[in-house]
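Before anything else, here is the set of structures, which you'll find just below.
Each of the two complexes below includes subunit A, the first together with subunit B, the second together with subunit C.
Our next item is the complex of A and B:
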């Protein structure tokens, strides 16, 4: 596969995100600009300018109408995806590290930083999925993280829970309606921050990445760790691939050590693991800095990664990727196909 | 209802290719990194004596585009590119098709159709094949056969001093200050050529002297074991060619830097027919390294020469002559 290099940013990437149809990629970096790209050929659709600080996070609603971004200028901004116009700005006392729309795009959560005497919070905003509507300025809810600040957060299925990953390596579950903390478990090693949290397509489980060099798949209902993927480098991001049972992990030596390590040693590769067997099945090299963020195309055709080196690399998988199966998987696929054929034959007989 | 989107990619196997973009086309940078976007600028600024660009349709369906331009030095550059266009039709949802028609905005507002070369480029081809034992595969890749052969050769090789051939590093040799290091290049050549020298004391076989340093590039002639290096080591004292020569080869040390091979030849020819004179020279400076090997056709001549020439004054230095030790 030939990756497409997107060089629209001048500084380290912070997040990349596909829209629900997988045809657009949104990327944010520390250079105060959000870029929108066509995923199939890397053409830049446009940029969203207005933030005056590093942008940490971006998310797009399921209909690709609205774009939300959180920045170090202490604001969440809402954008019109099509025109690039800023529709709304919410101000906070500290930087916003993560935003995420819920499944129907009517709610937006934002994770704010703990700084200058302010505790880290998770705020929930009501959103009207309409470019022309007047958005509500008031916060619908605020969850204060008193123990350890939240670094990432997301909405579970049916917007039932808010799941947050914390700086101390724990993961907690909040009731999305009341904001009560229902559970908090130490999932990752103590005091290794959870760096990413991404959902499976149905949002019943999610994957977390952590600086403790592991990524874990956890259920949304009872925060049970289902799978653990062990890497040899601190992880910045992890994503679950649709269509194939893989996960992609991204990480690498911390940015400040980059100049002292070669690209090979730095382990600046996207690592593919089998989701079920927890085994590493391959790596994709290319970045010359740590991978800060990876995202899988919701159609399963590819993935993209954003690095500390300022590049987004968009990959479209080859046939070999789709053909790859474990022996047991292949056997199972064959068995299912045979059974289906037999069932069909019987049906035909009955009809006759 | 489904709309159709059309875009174009290039057969990656063809490699050398670039593509002028029309609506929503994927551009691949040509291998020579020539950016077609620069063409127009250059054509405007330079006087137009350039031949017009040519387009030739090839039989296999590809197109050859020949363009001319001036480079920074004002020289005319001809760029030949072979382009193959493959149209992929993909059915996408109407939402996606509609988005493809959206007008660009922000910093991209002025960009034309298709990916802008300043923000989008195509990287080198990456082979990604998931595999259960990818770790093993990757390891095999790094261990190219060359390195593997080297490892095998060095497997039972011990640390050896270049001065006294003892089992320690040269820097730790007790004779470091009293004896001149010998056969530096010879020893290196040794390793490269895969001729383990286990002799207890003395002569490194200087066959491929100066051929290479440890762990560095090994020329093709020296790869793949001792036999392959025949050309380099013809008449040398090592390997299977060494048998005859070893008996009649003298090692001369404490040779002046200014010495020349033909001077040595003249000196030793007095005792009999000299088949080979090898004077180790520094690759960079061209000065002699201080040791040489003289091969005689007849062993008795060599014995005579050894007796007579040991202690002979040559260019203010006293030569030391002894029989070269056979390579193991």
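Our next item is the complex of A and C:
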């Protein structure tokens, strides 16, 4: 599994994102440029220039038509993926830390920073998935986080809920239509911020990463913690792999402490855990700074990670990865195959 | 006008008639009066005397005086023994000593001392009667003391019985603010026995036989034990810093850098005599202080600032115990060694042993039976440097006779270290010598064979390099030294070290143990520490507290394989079994059975990768756990075995049988654990997939109800590709030409 090293950024990575087909990777860094890459060979497709501050976040709609980005220049920009043209700019009083499209790409949420007397908010924008359409300038909805600011947020399946992770380690559930807070639970250790929130493919459950060195799988409906993954370092990002029942966690010694410690101590590794058994399976070394963001290919063929060191490393999984199975998993796979075969036979019989 | 001779009257001349009494000198008297001892501080009350008649009284007083004069000065007329109306004594006496301190000594040393078979002296201060007796503190009616009904206490050695029947060892871990005791489960998570937050303030320590766990607090020291981990003892030494047990667990020494200050209202355990003292020696059985000591001032050096002298670093342990807890000794550097007899804590023969220039001393760690010596003795070794024209000297002293039984003169000595072998069979003196010019250094090892007749001394190899570490094999006769080329000082990178192994030759005729010979040296290492297994044979050589490296090397000195031809005369076969690396390791400890080695990185030393590793004796890593704020690990010691030599031999003989049983048990346990793990995983897997099935069904239903496609993304992508297809799908035709072969022919 020789990784492809994408060295297009000059500063620390903030987010990497695959499109729905898994053929493109979008990356943002603190250097004000969004890059688009071909995932299979690491060739750069292009850049999206226009922001005048560090870019914190990026997302692409399910059809890879529109790209949204949020930046420290207090704006959300909407781009045409194909042409790289900026289609729309929304301005906010503070920096935008997270953007995410809902499952059909018609809504976009943005998380704004708490600063200069402004409370942290989650804003919702209506989007027309058409590069030629005039986008609506008005915000469809604003949720104000009065207790603890939101650090990350996302849309659940059917765009039913907005789920947000907070700076105090709690996770809340909002009604996506009214913006009412339905629930707020302390999930992670008190006052350890939730650093990432990524969805399972069908958006019925999600994984959160936190500085408290754990990642948790939580249901969207009732915010029940299903699984907990314990690491030995503060986590910045976590993602769920499709096809295989794994999760990938990324983190490492906080960036400000890195100069005081050696690389072996930084724990700059991507960690693979079994999603169901909560056991660590393996680690991938390579970065020489903490991993700020990890993303799994939606087609299940690989993953990529972006580090404080300014590199994106794209990995394509080997055969061994796909073959690896716990005894009980193999048992289940065999049973399912047999059942399928029998069903097929019976069908054939019936047809005869 | 002043009187002149002519003016003198008759009356003025007559001195006889001058009445001194008429002169009022009360103001002067008040001013210059010699203040006689007023209170009763010099008086003691002696109880518990036999009943005597007037005739027997002088005899008793005479007898009593003998005792009383051992601690101070008193006379017959300073003893008052009241008699009742029948002419019989009231079984007590008042005694006046010449000074207050003598009276205090009498209370401390004569109280509870038997007078004869039937009578035991009780000595109290006279002032105490005042203290205890005033304000109706004593009830007029005698109330018999209530004797609590006997309640059985928990067995303090219950820890020896492993409930799982596997003979596991216990250990304590102190991390964060929490202290926990665990069973060692090898590769698996250690089994917690007890866990308490804030159990100790500074550190924890097992007593030497493993009976108690000691916690250290600002108020003093507490001992815990038994199956329910209740408090067993309490020793209230305020602001205690360090503690040390006697080897037999009978006594405890506590030390605080702050002198004890007894508040006016008194102290629950200590008395006013302990005020200003730094060390307290306690009897563990009764929890009573036996005696307290002040810190010794550092030896005076001429011309030194007396203020600077105070900060002299206290040596620890200041009090060293003989192997059988009978004696405890403290050295006044350069002058003397004071030996105290337990349990009374009186100075042996009432004098300190004056040894001019004494630098260091060590007790033999075991009671040694010297060849041809029948009487009881404990051995003490010490060394003195060259003083004037006298040579430096290493001596072995027999206690209680205080006879020097062996001494060795040495020249050009700059330093010496005394290393006893664990059974006291050998004493190795590591002597650092300088050449006459004092420019070059060399080290010799002088080994006293204590158990052999006349205590012969053998000199082993002159070593050019500085020896930084030395360790005897416990219960064995081999040792390891670590040497380094440059003297250890403040350098950025520690110099390379060499590890040298020594062992005796195979004994020649008439010899029980052959001469010590160099076995092998391993060069260019970073090692700085030696950890022998408590059972001998295996040794871990490690690099601890080092920024750059942290290697562990596991050696077997009795390897059962092929032996090099050159070493066939030596009683050892060295083999490196395994190497390990524990980044940032600060401490290493073998478990008492010699089966496991724990290594840990303590947050007391640095904050990097704190946690522990566990190895087996072969050096195979069993476990590693990173624990934040990991401070301390300590294996629980075990008391000596109760099996006789024969029984142990029998076990060793049948080891194969036992190990078969144990191996079977282990295999069963592992397989059953595996089954449990697999079962657990199967359950998790089923739970997960049944949950997924339910969720997927619900979501599908909801989508259907809303009239949405099953997979939103797939549907959108499909729509998009259809759209793209509609407005002009591009067909790109590529023509590829491939050259299959090229050949050149020259036609002539």
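Convention: the second predicted complex is superposed on the first by the 341 of 352 C-alpha atoms of A that agree within 3 Å, B and C clash if a C-alpha of one lies under 4 Å from a C-alpha of the other, contacts with A are read in each partner's own complex, and residues count from 1 in each chain.
By definition in this document, contacts are C-beta pairs under 8 Å (C-beta built on N, C-alpha and C of every residue); 3 or more make two chains touch, one makes a residue touch a chain.
All values reported here derive from a predicted model rather than from experimental measurement.
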| field | Fit or clash between subunit C and subunit B when superposed on subunit A | value | clash
| task | Could you say whether A:281 touches subunit B, subunit C, both of them, or neither, answering first, second, both or neither? | result | first
| query | Does subunit B (first) or subunit C (second) touch A:232, or do both, or does neither? | reply | second
| request: Based on the superposed arrangement, let me know which partner A:104 touches: subunit B (first), subunit C (second), both, or neither? | output: second
| task | With both structures superposed, pick whichever of subunit B and subunit C touches the larger number of subunit A residues. | result | B
| task | Check whether A:326 is in contact with subunit B, with subunit C, with both or with neither, and answer first, second, both or neither. | result | both
| query | In the superposed arrangement, does A:24 touch subunit B (first), subunit C (second), both or neither? | reply | first
| Can A:44 be said to touch subunit B (first), subunit C (second), both, or neither? | first
| task | Mind working out whether A:70 is in touch with subunit B, subunit C, both or neither, as first, second, both or neither? | result | neither
| said: If we overlay the two complexes on their shared chain A, which of subunit B and subunit C does A:246 touch? Say first, second, both or neither. | reply: first
| request: Kindly point out the stretch of subunit B, out of 129-137, 147-155 or 273-281, that overlaps with subunit C after superposition on chain A. | output: 147-155
| task | Find the residues of subunit A that appear in the contact set with subunit B and again in the contact set with subunit C. | result | 21, 326
| task | Using the touch rule from the top, collect the residues of subunit A that touch subunit C in their complex. | result | 20-21, 62-63, 65, 103-105, 157-158, 202, 204-205, 219, 226, 232, 245, 261, 264-265, 275-277, 326-329, 331-332
| remark: Counting only contacts in the complex, subunit C reaches subunit A at residues 583, 608-609, 626, 678, 681-682, 684-685, 688-689, 691, 695-696, 699, 702-703, 706, 708, 712-713, 716-717, 719-720
| request: Spell out the part of subunit A that touches subunit B in their complex, as residue ranges. | output: 1-8, 21, 23-24, 33, 35, 37-38, 40-49, 64, 82-84, 246, 272, 279-286, 313, 315, 317-318, 320-321, 324, 326
| For subunit B, which residues are in contact with subunit A within the complex? | 5, 7, 12, 24-28, 90, 92-93, 95-96, 99-100, 102, 104-109, 111, 114-116, 118-126, 128-132, 134-135, 138
